[in-house]
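Chain nomenclature is as follows: A, B, C and D, assigned in order of appearance, with residue numbering initiated at 1 for each chain independently.
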Amino acid sequence: MKLHTVEVLQRERFGDHALLRYRWTGSPPEPGQFVMARVASSTSPTRSLDPFLPRPLFAHDYDGEAMRLLFEIRGRGTALLAGEGTELLVSDPLGRGYTIDGGPVALVGGGVWVSPLKLLARHLARSGVAHDVYLEIPAAAPEAYAAWISGSYPDATLVPTGGASDASRAVLESIGDLSRYAGLYASGPAPMLDAVKRVSRDTIPSQLAVRERMACANGSCYGCAVPVWEAGERAYTRACVEGPVFPGEVLAW
Amino acid sequence: MKLHTVEVLQRERFGDHALLRYRWTGSPPEPGQFVMARVASSTSPTRSLDPFLPRPLFAHDYDGEAMRLLFEIRGRGTALLAGEGTELLVSDPLGRGYTIDGGPVALVGGGVWVSPLKLLARHLARSGVAHDVYLEIPAAAPEAYAAWISGSYPDATLVPTGGASDASRAVLESIGDLSRYAGLYASGPAPMLDAVKRVSRDTIPSQLAVRERMACANGSCYGCAVPVWEAGERAYTRACVEGPVFPGEVLAW
Amino acid sequence: MVTRRATVVGTDPDVDLGVKLCGILLATPLIPAAGTLAKETLGEVKGVYGAMLPKTVTPRPRAGNPPPRVAEVSSGMINSIGLQNPGLDRFLENLTDYDVGLPLFVSVAADTVGEFVAMCERFAGEERVSAVELNLSCPNVEHGGLQFCAGPGTVREVVAACRVPLSGKPLFAKLTNEGVVNNAVAAEEAGADAVTLINTIPALVLDPRERQVSLRGGLSGPAIKPIALRAVYEVSQVVGVPVIGVGGVTSGTDVAEFMLAGAAAVQVGSGSFVREPQEMLEEFAAYLRKNGLRARDLADALTER
Amino acid sequence: MVTRRATVVGTDPDVDLGVKLCGILLATPLIPAAGTLAKETLGEVKGVYGAMLPKTVTPRPRAGNPPPRVAEVSSGMINSIGLQNPGLDRFLENLTDYDVGLPLFVSVAADTVGEFVAMCERFAGEERVSAVELNLSCPNVEHGGLQFCAGPGTVREVVAACRVPLSGKPLFAKLTNEGVVNNAVAAEEAGADAVTLINTIPALVLDPRERQVSLRGGLSGPAIKPIALRAVYEVSQVVGVPVIGVGGVTSGTDVAEFMLAGAAAVQVGSGSFVREPQEMLEEFAAYLRKNGLRARDLADALTER
């Protein structure tokens, strides 16, 4: 995996969440694409391979010069990425993102998984596709994060929710009549994706961003298996090259 | 091994050599004692164990408040120790150092191994033991380092030398008649220690600082084996607890 | 003997990276480890590898194991892919996908000796295929709790049986670390032209928060490098056939270490997920230049102390 | 059943760290791994360990291997100490050195079955000694290239023979990872009261600059943790006797992982060189508190998914 050393322009923390902005002049990300990211201690003569694997993170936003990543700090890898004083190494944008067709469309997101919807909204606007954004803000989310989200998605309908399974229902209910839309774009916790997939089956097409553990992120290792329907049979495909965005009806959860 | 997080007061580089000064209010080092040192990325939630082992480094100097380490940057561990932006973790002073008896004595050092002689000279001065310092400055040493050494040991006789085996001879020759001294204290490259051990056999007692690879540094692992004479038999003893300073006649090289 | 020179971008053209493996000239000693380089990525690695080696193929298609399939550990990773592959027929249909101007090696696995032989028969007549690597060691495909090919008896049987149809092509036996010396000797005696050491080591990751087993699978990466080096070194002392080293390579120095330990060629697996093989090759070339050595001299360049 | 409570500085007194191992109550599940805690350091670890376990003792004094004896590798180290020890007689003379108010386990190794038995006879009558661990696995002491106790046959023979004099005391068989499941079953059948898994894994470090083998020895540390966890997990499924887990523990979560995998107690080796066992115990206590568990419940606290 080719990783580029990039210049970090900004690091922000909102509770357990972090925003990372870096200069990016490589190929621009499509919405729903992701990058592999790791740190290298700038004092290290040989790059440290601890933690061993880079971390997959969605392209949150891109303005032609700077890339933004938005992520939750969970373990060592994300903690290091959010930390100061380290060099940032990132891959090119990877995978297959959202496909933009006609509108109007609804964007549905939850938790930190809202990340790819920002760039998607930007592309939809650029293509003149009408879209509404519905985001879950969990009650447990730190205030700073909630404030930042509402600032970052000024036109979005924010749905404050309690727990995860409840969340999906509340967010979908806030949309009301789905027949207004030509498509549903989703990125959220598993129960939300499930719910979106279910409602879309009988109504309108959906595109869901999935997350699987990844190692190579280039199709080599078959580590990021996602069950899909292939010619009527359940089969595993690779989230990193065939996804991470899949049409709802393809996923064989 | 108990390691303390300490405040780094100063980091200096002279070519491939580095000086590290940190606040130390624990037990004061005896000359010839060493510490185990490692870095911890301050951004890491769990301390990184890469590289796995801490590095043994002589106490170079101590003024009651700050400890100084002087070392050559060789591999990853020492490069990280010399680098900026990392937390420093150090052990208490460890091992058995030089024993101070009557004077006058000669201190003989070479290369970066001169390190422990600074603290030794300080202690000798404090105890009123007359001493002369003879240091090899290899021709290959970076100028900044040579300059620093001569500044740091203002009263020392500096002997510029070519290679390692030549060095030992040149330095010893510069001492002249050894019978002026009651003892020889040495810390230098292996050939120098060898030479000191040899000349001291028939003349005056010597104390040599040895260097062996270490893991536990507390006597547990038997990794730091040094061959010594024990009741007439050759046996391995542990540099970390029985040394690192040994009387020349005890070493069974 | 003429050795092909690799033309590697950023590498001194005067450094001779070529090696010979069972009579096959490789422009560089690097080979992708089976299961760690997809067709999709072939373009990226032009000039880096000396041969191509796709993921292990089995007689019939295999769906593979349910996710999660990978987990990270200290200095490495664990995988449990379960040999997902399209099966022999589809593999053969699409063999031209691997036409990148390099010798093509194929890795095969099967449940029975008969199936191993049947696969080798299919490859025997395949001009595109330069050598066959028998995967005798996958820790993720289990048969009643025991690994296929656990001991020298089975190794001997499979290798001897596959030797027959493959009379014209080099046959490599890829072995696990467990019992590696005895198994390598058995493989050589049964007619293997080379042994590939080592496959991943059975390992387990637990999630202490969820109090669940996260993954049972095979350990790879730098964590196993000292173990793989030991296997290569010990086996090189006792067998006459070339050894192909694999396990934890992430740098050019690692490549040099494997060759000093006795490897004639070196496979790169999980290391290619975290660094660029191209960079490793450049580092290896720099090492050779600095030491005034050619790649093919390294196996004899170990000095006693 | 009354379990002793550990009084650990900085640890919540309400967390129950006690475990029972072959009828012996341990105040904490931590035990120093054989060969990794010297007498000189006993003072530092009061209240941390549940038992004491000195370096392996052999019938006669052993000088050990020439230096270098240790080398660093990714996430671990390699050692080749060569069982340096003063021999059985001196060890017994100085047994009171280990009187620190904890059950004393002793680790023994020998070249022949007869010598193993002779040592066990000496320990059988030693009141100070609560249990004997047979080191059946040292990778640094070789006999004609093969390790002593390579297979289940030898394990069975040694354990059965040592069982006789030690009828009153628990007997642990410490096994290497190679063939661990079969060897553990053999040890249990021959009468071992527990199995200790795993010893270091044969490995090698090369110096590419000097083009020399730096060290052949045994790999320990976090690099082997997933391998050791797998061994503990697999063996726990098939033997009825307690398993003592060892390999790569450097944190309290690691201790919990070994116990979830099935270990009744956990040994800490090279991890104690780089972190404080005291800190690991505190982390372990914090883990138990957070999860509302007692140490002795962990072995049954693994949930299926």
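By our rule, contacts are C-beta pairs under 8 Å (C-beta built on N, C-alpha and C of every residue); 3 or more make two chains touch, one makes a residue touch a chain.
Remember, predicted model here, so these are calculated numbers, not experimental data.
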Would you mind checking the shortest number of contact hops between chain C and chain D?
1
Considering only mean CA positions as chain centres, point out the chain farthest from chain D.
A
What is the distance, in whole Å, between the centres of chain B and chain C, each centre taken as the mean of its C-alpha atoms?
46
Just curious, how far off is chain C from chain A if you go by their C-alpha centres, in Å?
35
Find the geometric centre of each of chain A and chain B from their Cα atoms only, then give the gap between the two centres in Å, rounded to an integer.
54
What parts of chain A, by residue number, touch at least two of the other chains?
46, 49-50
Expected list for chain D, residues touching two or more other chains, is 73-76, 222
Quick check: in the complex, which residue numbers of chain D touch chain C?
73-76, 78, 178-179, 201-206, 208, 210-213, 216, 219, 222-227, 229-230, 233, 248, 253, 256-257, 260-261, 287, 291, 301-305
Contact set on chain A toward chain B in their complex:
41-46, 48-50, 76, 79-80, 82-86
If we count contacts the way the header does, which residues on chain D are in touch with chain B in the complex?
35-41, 44, 55, 63-77, 79, 81, 84, 221-222, 250-251, 270, 272-276, 278
In their shared complex, chain D is touched by residues of chain B numbered 1-3, 38, 46-47, 49-54, 212-227, 234-236, 241
